[in-house]
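Each of the two complexes below includes subunit A, the first together with subunit B, the second together with subunit C.
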Partner chain A sequence: MSDKPVQKPEYVKQPLTRRQFAGRVAAVAGLGGAAAYLALAPEGWLGSLRDTTGLLSKPVVKPFRLHDYRVDKPALAADVGIGRGPTPSERLRKALDAIGGLQHYIKPGDIVVVKPNVAFDRAPNLGATTNPETLETLIRMLLVDCRAQEVRVTDNPIESPPDCFAKSGLNVATGNAGGRVYLPDSNAFKVLNTPGAELIENWAFLHRPFTNVDKVIGVAPVKDHNLCSASMRIKNWYGLLGGRRNQFHQDIHSIVSDLSIMMRPTLTLLDGSNILMKNGPTGGDPSDVKPGNVLMAAVDPVAQDAWAYEHLLERGRNYPRYLFKAEEKGSGRVDWQGRIKEIV
Partner chain B sequence: MNHIQLLNIEPSDSSRSKGAVRLPPPPKARKFLRITNARILSQIFFFTMFLLAIWATWTTRVGGYPVSRILEMDPLVSIATALATGHVYRFLGWGILVLGLTFLFGRVFCNWICPYGTLHQFVGWLFNTRNTSERWKSNSYRPVYTLKYMILAVLLIMASMGALQIGLLDPICLMYRTFSTVFSPAADMVIVSLEDRLAAAGADGVVLDAVKFAPGVDSRVFVGSFWIGVFLMTLVGMNLVIPRFFCRVLCPLGAMLGAIARFSVFRIDRDVHKCTDCNLCLTRCEGAADPQGKVRLSECFSCMNCIDDCPEDALRFAAVGLDTKQVVPGMSLGRRRAVFAAMAGVLAYPFLKNHGVNTDENYSPKLIRPPGSVEESDFLSKCIKCDQCIKVCPTNVLQPATFEEGGFEGLWTPVMNFNIGHCQLKCTLCSEVCPTGAIRRITVEEKLGKADYASAGPVVLGTAFFDLGRCLPHAMEIACVVCEEVCPVSPKAIQTKDEEVRNVYGEIVLLNKPFMVPDLCIGCGICQVECPVTDSPAVYVTSVGESRSIERRLLLAPRQHAAVASDLIQIQPLKHT
Partner chain C sequence: MPRTDRLFNRQARKVLRRKIGLAETVFGASFLIVIVLSTWWVLAQKDNFDPADRDISYETLEKDSTGEVLYEAPLKLWVEPGRAGTPAAAAPDTGIFPAAIVGEGWSLKGRVQDFDPSNVYEKINGAAEQYIAFGFRALHWATLTDGTRSIAIELYDQGTFANVLGIFAAQGGNQRDVKTKGDMFYYRTSVGVIGGYGPYYFKIAGDEANETVVAQAARLLETMDDLPAQEKSAPLAYHVMTQGLGLALGDVSYERENVFQYDFLSDFWFGKAKGQADARYFLNEQADEAKAAQVYERFRDEQAHDHAVLDQGEDRVVMRHNFLKTIFALQRDGAILLGVDGAATREAAEGSLKRLREAVHHERQASPEA
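Moving on, here comes the complex of A and B:
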């Protein structure tokens, strides 16, 4: 008995018990079975991860829809109002009074988006961007007269957004008046669904400033444009698009008319204080600009653009084709006769 | 057997335990009012300043702030550019500050100021797995630490001949470059996803824009930044192998400061009568400067850890003279190695310059330098690859060059990539932040050739060309002319010839076919970035015609009237000034 060699304790092996063995085998079988179910169970079965075509894993983009921001105009008001005067505030007041006054459209507590044209890194006097004085006066009217809750100013410029807002003077103008600038950061875009649009039925849109918004106002300058002859109020919604928007030049009239149904604004303003007569839409030389003293406010942007084309750019009645396409899509009427009012 | 084992034991083990038993614990106040805590505060301060500088290097923030000051304080930048150009540009005299500090206190810069040093020390501390005796080994001096002096010699000799390559390894350039092109876009990515989460939860995510490095624009990319990041991170990772690997082995700035540290007024001084040879001073010695023996002044970072760790108060930082029995003042490089380094430096110059990819005969059409850049060989004697211009650029057009544009010599210098962005007409930010004048400081008037600069004309970056086989109106009868629309000069350098043609489907279409007026083109590249043929644009800018170089110009002179002999072209005559 005592002759039996003693095993050194550190070399003693402990065999698995039957219970341990069964447990481990069961664990392997269970995990393996579960993995096999996830990987191999037919599509549609509860919990199955299977994707036989490779299409299930395609990213799903859920487009959103914009509201219709339009407000019915007062019974006796014109569709398009024209204001002339030496100061932006006088022009604005006259033009807005002609279509029923700003307070009819903007109610206390509204969150308002104002969309100027900030396309280029240009000084304000070059006419390539919205006049900062006009914007500042407008924001003050919105916040003070109409008691709007918040005014957001946004655009997706062609050049560097912070620079464009800074050098066009619109950043300072917005800040002075108490508005807030929203710049197009990479996460500011979402896919917008516009029913009936030819080219942009689903397209990246500058979404961030439009969360919880009640009213939308556009403020654009009047500019020469080689391809579509003129860039005015409707074309200015281009600045809310993201993505490869420069492809749309291949069908400029369709895209501009699409823009007219993409955005149904509360009001549109067209500023004829610095009219870019040639070398548009960039300009760059003060001699390209004709100073003016006109400002238009409208609930019908089509008629507004038509009148501006004829009277501000002085290009006669051979209107750009996109205006007629916009009319076909129900955004307004080109024929402005009798729907226009100027308060003198 | 027992004797041999005893001999292998570190000589201090027994004395350490004795010392620990004998000494009373230090008073509490001394625990906080330590010089090493002051050092940590200094490091935090300068690292924060560095991050703030990177953050402020952005179009809406830069204002007049000295965002490149840490680069301008870097004496290696000052001295190497002075050797290369014979002059000291703008604020580079600030380097004297750090030199002065070194003459007073030794390499304090390395462990009190340098943000890269701080990063190394922090990483080494956080991921340390060594026990005390392993740390003594890893913090002992090794002969390979002389390599940095050879690197410095090579870089300075090259610089004196006109090839500036200090930016590859200078720690400040390295930090600026990597934070601009790698870490700041990475941080912005994180912030963007946080904002999205906040917005999804109904909160106002826009407030986080303030901490973004590049707010208000689409996400930014930097060509080849992967390698810039890998370069820095590999060096940081080397801390796990050798603590402060970069600082001890490679850093040319540390080498320069080490070379003058022997003249410093203050130094670490060991009282040999108090010293019990316990080796505890080696435990956290950052510079591997042998404080337990003859202190190596050129290696000592003045981190003061040894003073902190000495149980006998035998170490102090004091104004004492050189005693070669107690210190090793110099670099321990040796004459043969110095000669070897000098020869390598002399050879490196022709190696670089005869590479032949960036000469006036053979240069890349993609080598388009930012506005204000000096002529190419001058540029290469000034650019330190800090990439501050690339960080401040609002349109992301400025990119670190790869081997393709400028060969090895031009690696990570700024070039314009017009597939990514364009040079904004009224922007001169890159020239504002450039610390060395590779991009000379210019005004908007000078850039556009207005006012006093009318006779010199605008700064021309390159020239736009059409690839008619890819242009939609020219090759495919499809309307487009985005290039003409965005051309920012007045009158436009891209104009159109309007034609009504019958297309392949028999429809009559009006085509505005664009063409170039090279006299008016300034090479801003907006036509290229906006061209809808996105992969290989139908209108593209190449570097020929750049106004900074007579050798690389295209037109003898702009024609007086840029009107081409065709009635079809309605062009405004140039108001020639």
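Moving on, here comes the complex of A and C:
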């Protein structure tokens, strides 16, 4: 005899009745029939799981939206600040002071993304990329003066990103100042939804460096551009797009104005220390580059670009069409009169 | 505790216990919650993680790396089968560029990159359209380094000499101090050289302005002579304008189509007439004399709509514009159409036409195959 305990001594096995048998057979048949229906019913029938076209199993891409990173400027500050001086540090401080100071916009503990122009595998003396000295100074100010938690520097050049960051000197500048370069890879992009955009309402965007970010600052050079006349602050957001973005050159004024509503940055800086006066955006001859000793900081990128077009590129008031389109989309005002403060 | 109350017992899958303690219940529930939350977190994260939390910096990777050698250079350079013993066997692959671009102390940095119209935006995004408008066919890009400095050579194949001159002028090169060496033209920059030769437009640019870079750029310029091309000599019209008439490169221009706003006129060369404010020479070469005669007649007839004929001979006409009062002269010389437009007086126009005709004859004799 086994010494195992008896679980239910009162249990008595009952015989299966005909009714019970029929009921169980019906239940099994019902379940089998339902399963067969789900599996075999033509596509489109209620509850059918057939997927001969593959459309049911097609991944659904859910676009995300960028935060609005803007910060209200101090009451008496200008919309656009201009700083002049012999060193990047002096220019930056003057320009930022004119719009309320960097510490008004960046708080201790903030994670900040800085977006320079690293579009080409070119040396800094050709003026096609952001001046590395300016970037290095800005990162030091963010980390030391504003006590930012982290400064991320990123861009998505179509050319080899590591080569572009290396040749432009921006990789070394970022490292020296304590920032960190985030290079794009194929998994770093997500579809961004930009309501109101004509061409990029849903388009791949370099997303990963923007995860958990508190503030965004753009630092662009002032350049001639053979398609849209000038590449300045707003145009520089183009570098965050993924996919076959070169197709947008067919309608460049629309894409640039779209960029002005895609990104609502905390601050935009326009570096006039090396102005590429012609043969942009790539350049190739240092004599096309004019030293400017000017830097602009702004909370209105449209006015900023308009002033730079007129005074830094010296092309009068026949502004590029994308600036007016950006104004129509609510990104700022072309008319900079009375909204500029210059500290010499 | 009785033996039958143990959670794990010999009765597999049978819970014999009548009571489960509070601590065990709480632990079990907490454990389940942790599992559920972990699963939810993993599913929610996908690739949406904060790179600051999980990316590993290059510095850390480098510090923690074990120095594993993934590739060891072979003791002998690779030699293509059948090419053993040839001098080129060990030479670096310079692609379309002459092997001489790799000089003493300088080596290729990476491979030579080649682009065509479908992918040139990958290298010069935003600038590609300008080159494409001037007949762009290919871009070849090489970077040389001496260990501390680097020099990039951009070689644009624009298809024809006229296209090269067009892109050179569009980028303002013709306004610079242009030098010529045979049919090659170029100007020096502080970091290199920009110029054209045959169907090629080239830009040589170092990453800093110093004597070493400038000397290397000058050496590279010499190697441009050895570029492969079926036709590297400039067309007759270019020689007529620059050598025959002695015009500066900035005074010479080329219009590919819709010349004089006529859709049947294409491939015309122009040069500013010296000493005459708005007058300019023009020159066009047709495939043969019959075609040239046909185009001449149509051109003359179209011009007659707003010009008055002052003098007309066989294959030659002089006209005055009805409103501007400027003089237009046109002549056919074999398969060549030549003329002057915008001259102030008839004498000036005929004098210019004579000089142009003499220059054409002189250049034809100098290069009879043209």
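The definition used in the following text is that the second predicted complex is superposed on the first by the 294 of 344 C-alpha atoms of A that agree within 3 Å, B and C clash if a C-alpha of one lies under 4 Å from a C-alpha of the other, contacts with A are read in each partner's own complex, and residues count from 1 in each chain.
Going forward, a contact is a pair of C-beta atoms (placed from the backbone, for glycine too) under 8 Å apart; a residue touches a chain by one contact, two chains touch by 3 or more.
A quick note: this is a predicted structure, and the numbers were derived from the prediction, not measured.
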Fit-or-clash call for subunit B and subunit C when the two complexes are aligned on subunit A:
clash
Given the touch rule stated above, what does A:Thr268 touch, subunit B (first), subunit C (second), both, or neither?
neither
Of the partners subunit B and subunit C, which touch A:Lys167 in the superposed model: first, second, both, neither?
both
Which partner chains sit in contact with A:Glu159 here, subunit B, subunit C, both or neither? Use first/second/both/neither.
both
Look at A:Asn236 in the shared chain and tell me whether it touches subunit B only, subunit C only, both, or neither; answer first, second, both or neither.
neither
Please work out whether A:Asn125 is in contact with subunit B alone, subunit C alone, both, or neither, and reply first, second, both or neither.
second
Quick one: is A:His249 in contact with subunit B, with subunit C, with both, or with neither? Answer first, second, both or neither.
both
After lining up the shared chain so the two structures overlap, which partner does A:Asp185 touch, if you call subunit B first and subunit C second: first, second, both or neither?
first
Subunit B region in steric overlap with subunit C, selected from 201-209, 219-227, 237-245 or 327-335:
201-209
Please report the subunit A residues shared by its interface with subunit B and its interface with subunit C.
120-121, 123, 158-159, 167, 182, 187, 208, 211, 225-227, 246, 249, 278-279, 281-282, 284-285, 288
Residue ranges of subunit A touching subunit C (in the complex, touch as defined):
4-5, 7, 111, 119-121, 123, 125-126, 150, 152, 158-159, 167, 180, 182, 187, 190, 207-209, 211-212, 225-227, 231, 246, 249, 278-282, 284-288
Mind pulling up the subunit B residues that touch subunit A in the complex?
58-60, 192-193, 195-196, 199, 206, 209, 212, 215-219, 394-395, 422, 424-427, 472, 478-482, 484-492, 496, 512, 526, 530-532, 534, 572
Spell out the residues on subunit A that touch subunit B in their complex, using ranges where they run on.
120-123, 158-163, 165-167, 182-187, 208, 211, 225-227, 244, 246-247, 249-252, 278-279, 281-285, 288
Residue numbers on subunit C that touch subunit A, as the complex places them:
4, 11, 14, 16, 47-52, 55, 57, 121-130, 150, 152, 154, 171-172, 189-191, 194, 203, 205-209
